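Note that chain A is present in both complexes that follow, paired respectively with chain B and with chain C.
Our next item is the complex of A and B:
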């Protein structure tokens, strides 16, 4: 084994700095959770606009999806952090600055809301019409139908695809160090500057992400499959 | 018999774009009566039933539930105003619907399906709704499946669960939209059996059906729909034995073969 490869695979340095690195990982998790929450709610909103009967509402939903789904995460992040505050500042005639964490959540949340909207829409459209007719026939309000009849079915139907998107979103949180959000990658680059040994640190980070995603996705998949199978023949 | 019919269908017209489906259909259903609607596929039977509870809004005409118009009301100045969706929902809950495709909610257990509307729409306390729900499931002989999910039931069991779900709302009338058309013949009987019992118990019912023997046996009145209008109507013994309409005779002949 070459020396540099040996060095790359020696994770003792990574372990030595585990306290700092773990703090970074917690930030990743927080960015992920907040962005996922934003992506899910904005995505559901956009999906409901897209399945609406009225053309103007459908158009707004479609614009939302196309705009955010086609925007690269990286560029959105920079744009939301540096350009959006300027625009808002001009509008309200006051200097505006976003905390990097807030920018990261908004940028990733919006990008992934475009994906989630399409997943939600597919789930909504897969519900047999008669299912909703039955609810209407009993005099349920549209709000009740959404919460009690549609969403529980949509969530079960969309889980496998949503899980893939959650994995992508979690991976996307690794770029937030770009605007100085102190995540794991940020911590790795800080330690690298001090130790000048980037290879074991990046290898350790890669392994950490890989293991977290593997465990999380396998767990969720196993749990959700049993739950889903109950309703789908 | 009270003079106000439970359900009055008055001059109902319905069209989908250029396609006319109902052209001035009128009939009354009195309390405790069973009215069957027969006719060829595409004659507008299901649309008629969907108009009765405003799942389809009639283009003209009106449905009255115990004298109260479903689609409009008089405002304080005596003018007729279309009802809001919330008002229509309040009247709709008085009509139990059973569909051809059962339309049970797959994410809820059988009992969950049955108690959902009583709890959420009628606002009954959970315990009371469950007591009513279990009583309805016993009535359709499905109490042993109360905690199963619909996907694990046969078609006949699903349809009986759907009937229990509609009964649990204690409706003023039951609407059946071809309730046995998706079932194998051996499963048809168990559903028709439940419906026979309901009829015998004095449930007010409108039944859209292809089951001629059933229509003849349980109906107080049979309506033959053809080409968007009522071609002939009357008591079953007259309609099935002494039809005056040539079209009805031809239609019935197909079922005798």
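Our next item is the complex of A and C:
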């Protein structure tokens, strides 16, 4: 027990491989950034569909949200990586394969677009109706209304919640190693197979992610607190 | 449709067996998370000397990705603490740990939401602290937090797909086994995804109905 505890806390092995592990962490960050961009844009699209007056559009938006918000990340990852290329291949009658990185970004981006869509929708619905009527009365185009009237207010109101979702998205990027995207967890499992010492390696990985997310999440919490007070004034 | 019959319908026993394991893991993890979350929350609020430990544990469980925790529990814990002895228990322990961190914070907000005056009134009516807690505070906490407790179950179900990685024979791992037999993933993986989405949808809809009911019946705002 004390021996293994010493081993677990002796992170020198983890430090020895820092170059490979750091590269893995960079891959995590890249997946996170690309997926976040996709999630934001698809989420905004779905939210706009949901607040549309036209019923079929609303239905599509609702389906998008319910589908992706209720889907586990991992099954989506596997589905996008193994099924989606085949379906596209059948449609265009050519063999298609996704690079694991691409699958990871698409899957995580789609899943989190469901969450972002709800955030955006709540923000859009909180905008006083008079604002939009006034903008239309001035003769602003719908696109201009979106950029100048709606989005600034949505962003202001929804920033804290959106930041929390970014934290969850970053946590979710750890599973991309399962389709062989070379992220930190992938590097850890490779090194573990070589060294046969999972104790320090997995403990090191857990601590690394914990520290990054703790700093990130604590920052978000402090920021949201101040932001809310500022907005309420 | 022949493919669907051959790959999905004829394999329904395996899928049902997998789904049963998924439900088992999730329910055990959920119960463990409620107990663990309550203990962490009470220690954090009322046991001053252990408060820092409780805070560190809660933060660690909440801020470590579930996949990392799962690997950590299943490969590090056996050497470190001598248990869990099976991957099944490693699975529910990891899922339970993550949710106990979240639930501890939910319970804390619930307990802090009960007005102080009620506790003082109970005290002057001659109730002991234990009585006050079980008869005045807890019923309100349970009502107010019920929707987010149900929501936590959906989080567990979603995360439970990962226990297939440590060879627990859940729905995810059964469907991947079937895919590896025929290398025809379209039907099986789509069905599996649909089952998970439907299951999570049903649980979260039940949660929404529950919170509406509680709000109407007891006039309590679900404040999370």
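Some points to look at:
Throughout what follows, the second predicted complex is superposed on the first by the 216 of 233 C-alpha atoms of A that agree within 3 Å, B and C clash if a C-alpha of one lies under 4 Å from a C-alpha of the other, contacts with A are read in each partner's own complex, and residues count from 1 in each chain.
As a convention for this text, contacts are C-beta pairs under 8 Å (C-beta built on N, C-alpha and C of every residue); 3 or more make two chains touch, one makes a residue touch a chain.
From a predicted model like this one, the values you see are computed outputs, not experimental measurements.
In the superposed model, A:140 makes contact with chain B only, not with chain C. In the overlay built on the shared chain, the residue A:149 is in contact with chain B alone; chain C does not reach it.
In the superposed model, A:185 lies in contact with chain C only, and not with chain B. Comparing chain B with chain C, the partner in contact with more residues of chain A is C.
In the superposed pair of complexes, A:73 makes contact with chain C only, with no contact to chain B.
Of the two partner chains placed by superposition, A:58 touches none, neither chain B nor chain C.
For chain A in complex with chain C, the residues that touch the partner chain are 1, 4-5, 7-8, 66-67, 70-76, 78-79, 82-83, 86-87, 171-172, 174-175, 177-178, 185, 189, 192, 198-199, 202-203, 205-206, 209-210, 213-214, 217. Listing the residues of chain A that touch chain B in their complex gives 128, 130-131, 133-142, 144, 148-149, 152-153, 156, 230-233.
By the touch criterion stated above, chain C contacts chain A in their complex at residues 59-60, 62-69, 71-72, 75-76, 79-82, 154, 157-162, 164-165, 172, 176, 179, 185-186, 189-190, 192-193, 196-198, 200-201, 204.
Interface residues of chain B facing chain A in the complex, by the touch rule stated above, are 53, 55, 85-86, 89-93, 95-97, 99, 101, 103-107, 116-117, 120-121, 149-151, 162, 169.
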